[in-house]
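Common to both upcoming complexes is chain A, partnered first by chain B, then by chain C.
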Partner chain A sequence: MPFPAAGGARVPLRTAKCIRFARHGCANRPFYHIVVMDKKSPRQGHVIEQLGTWDPLVNAHGEKLCSINLERTTYWISKGALISEGCSMLLGLAGLLPIHPRVYLLAWRNRRAAAAQKVQEKEDAAQVEN
Partner chain B sequence: MAATVTLQVYFRSIFFTNNAVLRSFQRKSWRHCSTSVNIYNDRDPAPVFFSENVQTILKKITGTDFNKVFRQRFDEKKLSPPEYKFMTDEELKQKMKNAERLSSKILQMPPVLKERQAISNILSRDPAITGFENCKFVFTDITYGLPDRKRLVVVRDPDGTLRQASWEEAERMNQIYNPRPGRKLKPPKLFQEEHLTNVLERGEYEFVLDSACAQFEPDDPEYLRITSVVYESVDKKRCYQLLHSTRHYGPLCFYLTWNKKIENLLISLLQQEKLEACADIVRLYQLIHTDCKSKMINVDPNQHLELLKAYVEHDSLQQQQLQLAIQAYQEIVRERQQYNENVKTAHGL
Partner chain C sequence: MNIGVRSNLVALGCGARLWYPVHEAMVTLTGSQTVRWIKPRWVPVAKSKMFRIPERKPLPLEEEVELRCLYNNYYMAMRAIRRHLCEERLRVSDTSELAIKAEEEQAEHDQLMEHNSQENLRVAALREARIKKEFEADLARVTASKEKLAKDAEKAEEEALRIINETQEFVKTFIKREDFEKAIETALANPVDYNFAIDQQGNIFRGRSTRPEDVAEEDKEKLLFAVQS
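And now, the complex of A and B:
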């Protein structure tokens, strides 16, 4: 009998726990639960506790929504739970953790790509004029 | 403290109306005056509204007509057939007491609050993450047991600013993660200007007010606008009786008194020969406008007519009409007295 998505799995002693995403939703419509799990359990494995949700698709208001149970998240972080990269990027954006270096990296790459595209467009326009 | 308790209970109580009842009360002859929308934004009405004297007066003038308070409502709750019972006097008294307690719960007034301040609390700026995403990130704290107003909602803007969410965003998030019965994620079209006027023309004031209570927080500028429009409309058509014995009558009287527009209400009450209610409203006027002239003259508060006359003489904006109404009232009372005496003499008593 599987445990519910909200959690309930046994908390094993002396094993690494991890705060990470568990995929819910369906094909072409991702939706994630932010959960605490045993580090070695599979992505859809038994959940110790659900800490929040993460909807990676932009809604009608131009927002991506994330909900976090801050009380339990800080509890598990204090217990030494590991945090997956995606989760720590999200928690960094939320202001709970320092911003993840990868966010800076991606932002810089995006800015560089945008600038390059601008230059390219200008060149194309100049060519069309000639 | 009293304010918070009232707020909490108010948030829990949501009622819908029986439109058929409203329609049957509707009056035919309208009298049109100019309308203006007044919102409480210069002086804070909350301390006045929650003060003990004002609350007792408002509760008293609301009235508890059990037939109206416990009337049939089409609120999707299952109906139960009426029960007929034989009871002793004591049991009946107990039942009446219970009914009174329940009615006071049903008639709890929505709080009258000042318009809320916009939130502009910036937590951190990080321009180095500009370009990471072109959309906003909204983070909601879903810790158990937090009241919605204290729930932390933060937004990371595309330019890297981390700020507290505005009221609109926070309310939307609360409705997504912690939905309230009767509240919609998107406000119903009923509250849009063009639809609202149509509904108000049909006289469904209580329905609009109840829906506004369910949809908005009491200090939402939108709530204040809608209630103000409804109260103005009620005042214009003088159908105060539609809201009598409902939880909106107190705030209606408070609104009219606050904006010094009680003349029509007083005239309407005098026509129904409710002198005591008139005196209560004048007393309310004196409590709200502490610097009014009629308060300087010490009139015995138990002399209802004297109190009213003092108000008419010193503070009223439509003296003549009110004086005429008072005269008509006195005439009717005198005639009735005369008639009773005549009946008595005819019976040889």
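And now, the complex of A and C:
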């Protein structure tokens, strides 16, 4: 009998716990639970506790929805749970933790790509005029 | 490779050396074949890609320095946050803060319960009044319907009595058996002609063979309601 997706797995003593995503979507439709699991358990393994949800696809109103139980998240962080990179980026954007450096890196790259595209468009326009 | 799956195998384009199994659900029988070209786990790395090492794009130097700085700051901040949260948890769980909170919560709970009971009493009074009102309305309705039934019965009795009286009156005009011959003779002696005619002035002429000249002016019978021309 598997444990429910919302948690209930045994909390082992003196093992690394990790706050990370457990994928609950289907093909081409990702949906994640933010969960606490044993560090070494597989992605779809037994969940100790669910801390929230994360829907990475934009909905009809152009929003990416995310819900986090801040109380339990702070509890688990204080208990020393590791945080996966994606989760720490998300928590940083949510305002619980400092902004993750990867977010800065992504922002730089996006800005650089946007600038390059702008220059390209300008050149194309000049060519069309000539 | 499993021999039993051979019937579902489809050749890949690379010289027919490799055979990939295709899931049965992916092969449609409607003519157009859909194939899921995913390399299975047991297929090794292609020979041409075996010793390829993907190149790492080097970051600009200033960016690297910046990133290292950012990472250092981030991990430091995370350590500090973790320690702070841990201390906070210990502080909250050890001191009597929770107990105080519990006391407050108990007081609030008592207050809420009091409010709840008051509300219950108020609603109960309202409910009783409503039930009483409904009972009285029921009683009034029942008495009204009883009165109406009695009135209807009385009316029906009167109607029946009237019918009986009328019938008794009518029975008196019946021809009895001993008067039967006499009645026949009387009827034969006095034939009644029900035919009549009407002229344009609204005069009625009784009888089948009566002529207008034979009737005197003052004896002429008028129609009660003259038709408007």
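One rule holds in what follows: the second predicted complex is superposed on the first by the 130 of 130 C-alpha atoms of A that agree within 3 Å, B and C clash if a C-alpha of one lies under 4 Å from a C-alpha of the other, contacts with A are read in each partner's own complex, and residues count from 1 in each chain.
By definition in this document, a residue touches a chain if its C-beta (ideal position, glycine included) is under 8 Å from a C-beta of that chain, and two chains touch if they have at least 3 such contacts.
Source: prediction; values computed, not measured.
Asks: Just chain B (first), just chain C (second), both, or neither: which does A:Gly95 touch?
Replies: first
Asks: Where does A:Val11 make contact in the superposed view: on chain B (first), on chain C (second), on both, or on neither?
Replies: Touch partners of A:Val11: none, neither chain B nor chain C.
Asks: Return first, second, both or neither, reflecting whether A:Tyr104 touches chain B, chain C, both chains, or no partner chain.
Replies: The answer is both, since A:Tyr104 touches chain B and chain C.
Asks: So in the superposed three-chain picture, is A:Val58 touching just chain B, just chain C, both, or none of them (first/second/both/neither)?
Replies: The answer is first: A:Val58 touches chain B but not chain C.
Asks: In the overlay, answer first, second, both or neither for which of chain B and chain C A:Ala114 touches.
Replies: first
Asks: Chain A residues in contact: does chain B have more, or chain C?
Replies: B
Asks: Which partner does A:Ile77 contact after superposing on A: first (chain B), second (chain C), both, neither?
Replies: After superposing on A, A:Ile77 lies in contact with chain C but is clear of chain B.
Asks: Can you give me the overlap between the chain B contact set and the chain C contact set on chain A?
Replies: Touching chain B and chain C on chain A: residues 99, 104, 108.
Asks: Enumerate the contact residues on chain A facing chain C in the complex.
Replies: 74-75, 77-80, 88, 97-101, 104-105, 108
Asks: Residue numbers of chain B touching chain A in their complex, please.
Replies: 123-124, 126, 128-133, 135-144, 152, 154-156, 162, 169, 172-173, 176-177
Asks: Write out the stretch or stretches of chain A touching chain B in their complex.
Replies: For chain A paired with chain B, touching residues are 52, 58, 61-72, 90, 93-95, 99, 103-104, 106-108, 110-111, 114.
Asks: Per the contact definition, I'd like the list of chain C residues that touch chain A in the complex.
Replies: 63, 67, 70-71, 73-74, 77-78, 81-82, 85-86, 88-89
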